[in-house]
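For reference, the structure I am asking about is given below.
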Amino acid sequence: MSETMPSQAEMQAYLTEHKNWGRWGKEDQRGAINLITAEKRLEAIALARKGRTVSLSRPFPKNPAPNNPTPAMHWMRALERPFGVGGVIDFYGISYHGQSSTHIDALCHVWGDQGLWNGASPDMIRADGTRWGAITNWSDGIITRGVVLDVPRFRNQPFVTKDRPVTGGEMEAIAKAQDVEVRPGDALIVYSGREAYDRANELPWGTPGIPRPGLHPSTLRFIHEHDVSVLVWDMMDDEREADCPWGVHSAIFAFGVALVDNALLEPLAGVCAEEGRHEMMLMLCPLVVEGGTGSPLNPVAMF
Amino acid sequence: MSETMPSQAEMQAYLTEHKNWGRWGKEDQRGAINLITAEKRLEAIALARKGRTVSLSRPFPKNPAPNNPTPAMHWMRALERPFGVGGVIDFYGISYHGQSSTHIDALCHVWGDQGLWNGASPDMIRADGTRWGAITNWSDGIITRGVVLDVPRFRNQPFVTKDRPVTGGEMEAIAKAQDVEVRPGDALIVYSGREAYDRANELPWGTPGIPRPGLHPSTLRFIHEHDVSVLVWDMMDDEREADCPWGVHSAIFAFGVALVDNALLEPLAGVCAEEGRHEMMLMLCPLVVEGGTGSPLNPVAMF
Amino acid sequence: MSETMPSQAEMQAYLTEHKNWGRWGKEDQRGAINLITAEKRLEAIALARKGRTVSLSRPFPKNPAPNNPTPAMHWMRALERPFGVGGVIDFYGISYHGQSSTHIDALCHVWGDQGLWNGASPDMIRADGTRWGAITNWSDGIITRGVVLDVPRFRNQPFVTKDRPVTGGEMEAIAKAQDVEVRPGDALIVYSGREAYDRANELPWGTPGIPRPGLHPSTLRFIHEHDVSVLVWDMMDDEREADCPWGVHSAIFAFGVALVDNALLEPLAGVCAEEGRHEMMLMLCPLVVEGGTGSPLNPVAMF
Amino acid sequence: MSETMPSQAEMQAYLTEHKNWGRWGKEDQRGAINLITAEKRLEAIALARKGRTVSLSRPFPKNPAPNNPTPAMHWMRALERPFGVGGVIDFYGISYHGQSSTHIDALCHVWGDQGLWNGASPDMIRADGTRWGAITNWSDGIITRGVVLDVPRFRNQPFVTKDRPVTGGEMEAIAKAQDVEVRPGDALIVYSGREAYDRANELPWGTPGIPRPGLHPSTLRFIHEHDVSVLVWDMMDDEREADCPWGVHSAIFAFGVALVDNALLEPLAGVCAEEGRHEMMLMLCPLVVEGGTGSPLNPVAMF
């Protein structure tokens, strides 16, 4: 691979120069989701030609695991009713950010030294919720075209490894090899083989203390040049020294991109192979939590 | 209204005789969602002609209220990071059944004296989750045609009142007046004017101790005869004496119908009026909680 | 009552002039609990002459109520074990500050415009816990002499009313009438008749929107002059216009006093009457929560 | 050690024959805590001769660890107040049973094949709390004489090892060597060196999959013959094959003994050595949770 990796200074300069702040007005809190217009949604719908659906969600992470140190809570309670009938309710509790739960990050989730998305101050983050970039900006749902980049298939290797992160140049090459175009407003779905990684390694991807493979900061340029609205990934940022404080997560505050972390992509990649295409309709319906920094999510794709 | 109301004995007999148990096999746990085939999903998609979306979700019910005695929890935590950057995470906790949270009921949620959906024993409900009829049976998403019945518009009254519950006969009349057909596999969306009720009453709909207006058990026959897969409603069962232990909720265990409780339907009804049609595509993507009895949900409709 | 009420400016000046900052060193985080020496504990123990104990705790506030808008959570889970044996565990969740839970406030809980206890900066309060004045400063337990002031008995009225808050002058008079001395290091237990108030009023004490009766800010002088270590109360600060931002809660940051809020004092007052004395041993054993702002508590008194 | 270990059948027979059911009446739910009379409390108080206190509580287990798979929750929330003042509250959530939290087991916590304490049916355990043997039976506090058995000191080894569990015979020998008598109503505090074990082993005591050292079921006889009311321990039941379904935990339902699990005993043992005695006053003040199966706890000892 002859691609020249950008230096830290270059990536920081790139982010600073190319950020989308002001692009949709100074008051905008929807970010790159603005690129998903009614027309874009119709483009997505046109891809649902067979009515075949597949979930991109891992199970609600109730079980403790090395990459799930604070498991989600699930408590059951039976209801006592007369007449021999019955019922049951339950409680769900989750701190969904991290490496276990399939979730979407709102634009307030992370920020750089120049501030939150669109230049807002970190003071907008309050004790009872955020006043800027909350998940409720996307309550009407994110329905758009999804494009899968299948890295293991391209590399002919089961999963991305630590020594070889996914780069922006490689993403261009994969799109070309798959004969698929990444367009403005798309959800870019990068499959890196997390399940295969977990089968091959004793400790799961995302275990603290074990630097995790994933996407190189150079993919930020790809994301920006293609005007991607959503990044869906199974492995996330390649974990490296602080040469780029938030890594690819910087797409949140710099470009206004919605990130869907810890997606389950092996089944989706399988369906892509069966269907012989890497584009489909994608549906994201985040919970309507006022002041929330994101949402646990069940992304559903339709072919 | 000359409709003869069925007696308790008649409704119980109806449920017993017409239940869908065994219809999709003895092992089936998907219930009436089986009616939503790939073809049905394509029928739904064909209704998304404009790319206009609307959410059917109330806000995550964090605020105490008379109809929200155990509010959802939302706790924020800032992340301290070096280099002047920052981040924030949060915790969501919710016992979502009840009268506040927009949510979907899994088939295990309630049962009658003959058992759970498809005849399963209540013993399948365990301390750490259900072994039957869990929400995960619908993880691939429920994408179907939605049909709105707008009761206030039909009645020319702002909301359904306690003295006049919505009946099966009235639902037939509304469908006819709206010139819309309710078909197998549909999501039946019954708008009863909950927001208008709340504006007109001091205590919100669903306050304990105040019998709430809603749907009469006679609507069970309508639901069954039209082979509805999903019932979406803002007001729920008309609250009455125990003449039908679970009221319209009986559709869960008798017919295998998915219920979406506490939906926000005033905006949807407004869009229906604007668009001049009462059918659209509906997307339900419940969280993938193994053993879960349902899920908080943001239902999204697309015209 | 001819007592002259201090003005706002006077109380603020009093707090500023008489605060205990620096009294136990600049690094001290134990506050007035320093007054509880080994000798003081022996003084307390000497009062436990009969071995009779009584709890000062209300029930864990699981039930929604007007003064309990965010109830404590209690979830049960059965354990399945072989050999016909069994077990059960449960989860407790509580945001214990407020008007419902019997709890102790750590010294970080509230602060004035000059800072936290002993002059620390509010910056010491972090997202994952406090770095100053945490409850763990009192982990060895607070065992001291308790002195009950029985206001209803003194007034010959069932409970303190809004129009007549308890004042410092009245506390002196009660102590004199009861022939009991309030000494340095004591836990001052002020019984105001909360249960009787609740029996006489439709809405319980502490319901938002209903100004609550309680202790007047002038009691701060009494607390300080007697070098009280702990204030235990059933009604708390008299709710008034902002003439003293934190009211009697100012004793936390100004004097370093531990506050035990929402104590159950009617049974204790009854035992005092039976035993013919208003002093006893008091045991407070707060949970050892690093960075915690207080603790739910079961205070136990022994006669 | 020539002590003959009882067989499974012998221990089961012993439990069946010697259980305390009916000893304090058929309706009794306080169990062996009945042995702690006012006189017993005065006996305890007489031991608090110096006023020196020490906590027996580990920190609230917020940090994930191999023996803490579902950590306790601690969420902070700042309060915004006018006038430049401030405040902070927090939420504590814990499933306290297990191997991490210092807590007390109520009599309902575990049961054998003959039922719960005093013969009650497991049907008394309900979805919203227990109807039998709840922690509220001990709300007035458990104040009694504590007797420490220091196993590491007796063995001249830093901690109890898997190959050599603590037996009833050894406990007799330790009491004799320490010249201390174990009497009816006492809290028996068995120190097994858990901190030293944790320092010497990579994985902490109580890590699932690593059989843990602790007390042999033969100690049940010791507990019963001495009419112990409370068992406080750092290591708990020696983990072994199912030769005694609940191990030493059987003391709960057979004898009505209160168990304080995961106590922090190294500091207490140190104080015992300094003070030259192994008896002191012990104070246990469990939270008043109606229907609760136990309570997180800060046990405090006073010399």
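When the chains are written out, they are named A, B, C and D in that same order, and each has its own residue count from 1.
Methods note: a contact is a pair of C-beta atoms (placed from the backbone, for glycine too) under 8 Å apart; a residue touches a chain by one contact, two chains touch by 3 or more.
From a predicted model like this one, the values you see are computed outputs, not experimental measurements.
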Chains adjacent to subunit B and to subunit C under the stated definition are A, D
Would the interface of subunit C with subunit D count as same or different, where same needs over half of all numbers used to appear in both copies? same
Using mean C-alpha positions as chain centres, tell me how far subunit C is from subunit D in Å, no decimals. 29
What whole-number Å value describes the gap between the mean CA coordinates of subunit A and subunit C? 48
Multi-chain contacts in subunit C, i.e. residues touching at least two other chains, fall at 73, 76-78, 91, 93, 126-128
Determine the shape of the graph in which chains are vertices and touching pairs are edges (line, ring, star, complete, other). complete
For the complex, which residues does subunit D have touching subunit A? 64, 69-71, 73, 76-80, 93, 126-128
What residues of subunit B sit close enough to touch subunit A in their complex? 37-42, 45, 48-55, 57-60, 62, 73-74, 76-78, 81-98, 102, 108-113, 122, 125-130, 136, 139-141, 143, 242, 245-246, 283-300, 302
Under the definition above, what is the set of subunit B residues touching subunit D in their complex? 73, 75-77, 91
